[in-house]
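The structures come next, written out as structure tokens.
You will see chain A twice below: alongside chain B first, and alongside chain C after that.
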Partner chain A sequence: MEWMTTLDSPGKVFLLQGNEAIVRGALEAGIHFAAAYPGSPSSEILTMLGRIADKRGFYAEWSTNETCALEACMGASFAHARSLCIMKQNGLMTVGDALHTCGLSGVKGGLVLVVADDPSAHSSTNEFDSRNMAVSANIPMLEPSTIQDAKDMIPYAFELSEQLQQIVMIRTVTRINHGRSNVVLGELPKSLRPLKAIGEWDRFVGINWFHESQWEKMDQAGEIFEKSPFNTYEGPEKPALLIITSGTGRLYSREALDTLEEGMSVEVFRNHWFHSREALDTPEVRNKIGILSIGTSWPLPERLVLGHAKKAGKILVVEEVDPFLERGVAAILGKEKDFSVEILGKGKNGVLPRVFELDPDRVRNAIAKALGVDAKDEVPAPAPAAGVTARELTFCAGCPHRATFFIVKQALELTETQGVVMGDIGCYTLGAQRAGHYLISFLGCMGAGINAAEGLGQLNRFGFDQPVVAFSGDSTFFHSCLPGLVNARYHNANMLFVILDNSATAMTGFQPHPGIGRTAMGHPAEPVSIQKVVEAIGCPVTTADPYDVEGGIRLVYDLLKQPGLKVLIFQQPCVTAHIRTIEKTKIWVDPELCRGDACGCGRFCSRIWGCPANIWDDANKRAAIDEVVCAGCGVCVSLCPAGAIKMVEKEAV
Partner chain B sequence: MSEKVIPDPLNIIICGVGGQGNIVASELLASALVEKGFRATVGETYGASQRGGSVMSHVRISKTLEYGVLIPQHKAHLIVGFEPMETLRIARDYANKETTTIFDPRPNYPLGVLIGEAAYPSLQEVEDELCDRCGFVWKIPATDLALSTGNFRAANIALMGALTALPQVPVEAADYDRVMAQRFPEKVLAQNQEVFVLGYEAMRELLEMNR
Partner chain C sequence: MVAEFNLKRDVLQKGLCTLCGACMDGCPYLKNIADHLVMPFQCSAGEGRCLAVCPCLPTDWEDVRKRFLGDSAADPDIGVIAGVYKVRAKHPISRCQNGGTVSALLAYGMDAGLGESALLTRSSGGLEPEPFWAKSPEDIQEAAGSKYFAAGSLRLLNDRHRQWDKPVMVVGRPCQIRALRKIQIHEQSTGHTSPVLSIGLFCTWQLSWSFGDFLAQEFPGKKVQRIAISLQGLEVDFGEGPQPVSMDGVRAHMRSACHYCLDMTAELADIAVGAFEQEAGWNTLIVRSKAGMDWFEGAKNRGDLLVAAYPEAELQRLKAAAHNKARRGLEKIRSEAV
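Our next item is the complex of A and B:
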């Protein structure tokens, strides 16, 4: 909803998503340049920036990977452009070297890096805490605790970046990026600041010569953070319990005080609830607890933390994923002579779990534990009665990956050997699950599949003769498989590299990539042909349509029989991205031709093929198509042994 | 501000399966509320939702305070379910004896059920358990209503219409007209408005019949 982010109406209130708020913050900061690689929960930011870039006069690109994005921003910063770089936590891991050298060199124009973490790994393979990277790279970091903060921190971070001449990182989490709340808009600049020419003796070099001055910037950041408006305290002067929190923990903690107080007054009335009423003189939780919310998480404002800690009876640290603040607070207090206070937080013996995201119940329980009271819910819920089954993820109806995994599974079975399939990151990661017949047995970060396959592909000298297959999507191919393919080709690994080219970065919402022919700003661009790249590297390459299942099985079987490196590109556009073109066909089951369980196919379409549109009509004991779900690809038509599934053009219906 | 008396915060959960229009529905509802001067928050749990997973949005409404985007367990005042089993899944964690639940009884079968490894509960079982957990349970055939206009993708809008007919929610049909007009092109807007009214009327009829 990028139109809301461009309105020149300061003071107006809108419901904005966290990612929309970040976009608005970028406009208010007057950015010149934005670059990103898609990754949930950050992907919407550059999608929106791309759509409005022309209108607002800045540049935005979907870079080929996160390192390209960050280093492009460093280049733009060299000419004093304000540059915004966006990625998810895994992306940050891949830019480690670039980030560390950027920290050493410092920046010219403001450079702000937004990193979206995904606690609980809702749409990730892991929940790495990227805050640790700010410590390692020795750069300042902020954490918004509300959607409003997410907007306000962007201009603040740009000012800070230019004041310190240093890159500034902002760590968000899924509940900020994908949360929505009221946001008050600020002012938009009338025009963008002019850039500066790079002079003969201007330097932007990340060498160790600058290590001490990098530390001095951190000292300066620490001083600024002592007075930052993003660090707030609410509560009594001398709290029995001081909650130190960052990110989502602030609002969860605030609400927990209400719900605990509610629960306790009910229980005091019933006169039997908390185990140690002595722990509290009165049931008024609010008078006992203070909340210190830290928005400037690195370097920590040491005097601010120490000042509050010294007045507290006990400390509870509430934060998402790693005990990052907790360690920081412990380090500050540990340096203080003759001072000791109990710090509660995460861990095996902690009051908060050390994995997964926070939620209001977890925080409430942690506060209750810290206070030594019982936080049990008042009303016990009834026991489950009906059978609710898991809703596991699967490929969309009509997804070409379903056909690809079926083909590779069948072809591997024909070889009568135990094939090994290496996965990668994208929708096809589901190939590790039922949707892909559990084919994938190796899964690492982006680009890991082809490299691991190259390793296995060298083991024939030890008698290792299992067929090795590596998968990559089209966007992943450009992102991180190119060096791996060069490596595999140069060392002639025994492997089949299958590129699943669905003309989309589908998993994250169909962002364009270099093979698409369209940029983030909607401009046409000459696409980079995957096939030509593979050929130029010197690999034998075949292309095929995965919707031709029978032909695909024969082809993959043949390729698996050949020694050395083979590359196969399966080309078929993502059905969800291109749904409007495909909806023209109607698929249906002819109940006269479908013989149900008498067929002997074992209900192939609904049980083995596994497309959500191929359902079983239990009343008539026949296969059926769920017309609401069916995308009309027609692959099941070609697979039904009885020829009972029919396809017609919708116009002809 | 509305004259309807509502709890503060008012907690609404919208749940279903990826692709059913859950996010759009929660965004419309919350935007309509913000336009009316409320503080609203939405927490969207979608993850890899386009791949057929469970999806839910938490919408929280207050006159004064900003709340965290997640609703505590068993604190939902209203649950809007786009799919029966998903409605029950969410009710188990978030409903209490005063919760009002509206759901579309049309099932969307998970992979395990299609493959025959798991059974899908009967509609009666789902309904019985929902009634056991919630104060009020209403069935709105939203997909059928949407299909009757030739636009099955608008089942989410039918359910928003039904939700609007409930006395607990401080928005009116006209508020939706405004926010929908900001978001949809003319043709889609007209289709959505048609479906919205069908949902609204279906709920009104149910309320009348049960007075």
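Our next item is the complex of A and C:
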């Protein structure tokens, strides 16, 4: 849909996804450079930027990791390029050092960092709140509360970045990135601003000499934010309840007010989701409640907040994840002499829950509690649609990871010791669940698995003799496992490092990585061979096909018996990414050979192997293959004890 | 009754598995590498075949004897005795452990059509044996000599492509013969009849395959040519003549299941064969069933076996040895209340 983002039609209104709006904002800002590492909910941004980069004359790359991306943007900024860096919240955690030094050095060309948080961790292992990092790094931060904001804040942030000569962070959340709304397009620059040569005495250094000037930039930002158009107030002059909110809290609060006033039925309430600008027009509520929406979340506009707070009977802070704004407001008001007002918000005894994302129901109940009124309807959780079976997260049909977990599970059992498997981040994280036979017992951040395994792999001197296995995907290998592998090799840790090379950053949408041979802009590139890298580090390395289950079990078992560091690369392309480019083998069950429940196998193919394509035909009481989802990997053919699953000749897809 | 048991909980995890092979290969839940047999995934069958055939789960010995050995009374220490003999092969058998009797019986059985093939094990140097179907005298020769490691050879009976109506001969440890009888009973209950003749080998214990790792550690760089038990104990030949191995090293690698075993002389086999300890180059042979007697007599009458009377004193010594093994096994069972 990136065509909408490139239209030179100022004033036109389009229904845009939040990430499309950010792309449009980047074009309106005239970026020269964009770099990112994929991670939901931010992944679409650089995917779209990569597709249009050549056309619009800028550069875009999927960097090897977020630190590469941010520091590449810092380099581009040094030559006065406008640089946009994009990542998810976990990515921001990995760039802590780079971000903090960037805050010290300041920037030349505008540098804007978009960080997409994932409240409720829909597509993440956690819901870390990025805003805390802006405080730690001492840099300005913005929070869009609408899709329009998401677009408009990008050029605003670039202007601010260049005015302050400081990196500016924009924190979004899933409902902004993936939500859709009408967006009024702005003007596109006719051409990109020329860069500047780096002079002999130009410096871009992040050292402590600049700590004071960093604070001065923050003071200046605070002054600018007092009058920022992204801070708005709607409501009576002296509200009984002042809602101070940022991000999605603004729309949730409006929605909640609407329903509280009218006492709507649950159905009507749901239908009003995100469409209630009229909410404040209901007179009773309008006279009681005001909404102060803060788009400039750090540094907070202290005078603006204080001015509104002094007119309020009570304050409710509505925001996603941590009580960040709440603490900021409390700090501002706490410094004011002889002033006291009740602040409601998140917490164990708060009116809003301290974990998981907000929704209108939660905000509505919080407002009702704050006002001391009946919430009227306790909104029940929506009932599942009839006929829809509850499903757990699992690997796709034909996924090589399923075979890898199946292999390692059995090989570890065969050692007759309690093996320990250290997981990592990617599709294979699902191996911590039933799909991977609950094999993963350690899960940290990107690259943590191999390092934790290295630690366990040194404990044999204390008698620790449990086999230790660490998993990594191919993209994760490049992202953050290389230092860990060097460390494990140098210290000869007792461990098996298994690289699940499926030639894709599959979890986030098949973005290319350095092993793929294609860039974000669609240009060919010489791929980096994982095997050669591992060999060059000096590790003994074996490659194998995870679809060969019996061979894989034997191989892993043999490797586990060997002392020291062993590396095994399981190579098999992600079926979902490559299904359209491969010849699909037809798999079927011979009903004469499958004896159903009389076999005694306990429906091994569908119950234990668990591929979504291996199903139970309840009408015929036999195993069956769901041809729609079957990818033709053929692993189940080798697993059936009756030899009833057959593979027929190849057919073109 | 077997439904009360769970193979993983009651056998595998308790270290009672003898690796007879009776449950293997036909079941997708059981995985085996080396001498490890594990059940990585939870089987949903309440009363699977594995429970019916496992020799480590309750066995009705009286019923088995009646079905296969007739009504003769069993000696309390060495089981049913239709005849006991001092025997050796008439023609020399290379690499044989004692008298070559088993090889000679198998060769005769194959010639006489008693078994189209024989389920045996072979290995290089006595380590890591593998089961195979011997179909010729050369194959039988390949299997000659004792292996002191479990090989799970009964797994080959579970090959779904096997022709069940062809007569076969099976050579196995006492636990394997017990499992074989349970397989036969199970087959009868499911309508199969499988003509099988069995030779049970006297057994006091098996070694875990980890013994190979132990030898590699104790004698680095040396390749095992042969392992044998003599009156001096266990000896390993690395091509430089037999070298004794300390009994401490041997005991540490005995298969745990063997500590619970009550059967030294393969009491349920058609024919049981072991060493004749008082004179090298001879075997002790106990015939237990009518089929076993026909087999033995046939081989003897063809002149394949040299047969001598069995000394009474040696019989008493054999019974005492079997009695002592059973006593140790019972004490172990009682002490752990398994």
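Here is the rule we use: the second predicted complex is superposed on the first by the 611 of 653 C-alpha atoms of A that agree within 3 Å, B and C clash if a C-alpha of one lies under 4 Å from a C-alpha of the other, contacts with A are read in each partner's own complex, and residues count from 1 in each chain.
Keep in mind that, in the parts below, a residue touches a chain if its C-beta (ideal position, glycine included) is under 8 Å from a C-beta of that chain, and two chains touch if they have at least 3 such contacts.
Computed from a prediction, not measured in an experiment: that's the story for all the values here.
On the superposed chain A, the positions of chain B and chain C stay apart, so the two partners fit side by side.
Once the two complexes are overlaid on the shared chain, A:Leu104 sits clear of chain B and of chain C alike.
Of the two partner chains, chain B is the only one touched by A:Pro360; chain C is not.
In the superposition on chain A, the chain among chain B and chain C reaching more residues of chain A is B. Shared-chain residue A:Arg607: touches chain B and chain C both. For the superposed model, the angle subtended at the Cα centre of chain A by chain B and chain C works out to 90 degrees in steps of 10.
Using the contact criterion defined above for the overlaid structures, shared-chain residue A:Leu439 touches neither chain B nor chain C, since it reaches no partner.
Within the superposed three-chain model, A:Leu164 lies out of touch with both chain B and chain C [touch as defined at top].
By the touch criterion defined above, A:Leu639 reaches chain C but does not reach chain B.
When the two complexes are overlaid on their common chain A, residue A:Thr394 makes contact with chain B while staying clear of chain C.
Between chain B and chain C, the minimal CA-CA distance in the chain A superposition rounds to 9 Å. Residue overlap on chain A between the chain B contacts of one complex and the chain C contacts of the other covers 603, 607-608.
Those residues of chain C that touch chain A in the shared complex are 26-29, 31-34, 36, 38-41, 43-45, 48-49, 160. On the chain A side of its complex with chain B, the touching residues are 1, 3, 13-15, 17, 40, 122-123, 146-147, 175, 178-182, 248, 251-252, 254-255, 259, 359-361, 364, 377, 379, 381-382, 384-396, 427, 430, 434-435, 506-507, 576, 603, 606-608, 610, 612, 614-616, 628-629.
Those residues of chain B lying in contact with chain A across their complex are 17, 19, 26-27, 30-31, 33-34, 39-48, 50-54, 66-74, 85-86, 88-89, 92, 95-97, 108-116, 118-122, 125-126, 128-129, 132-133, 143, 147, 152, 182-183.
The part of chain A that touches chain C in the complex is made up of residues 409-410, 413-416, 437, 553-554, 557, 600-604, 607-608, 639-643.
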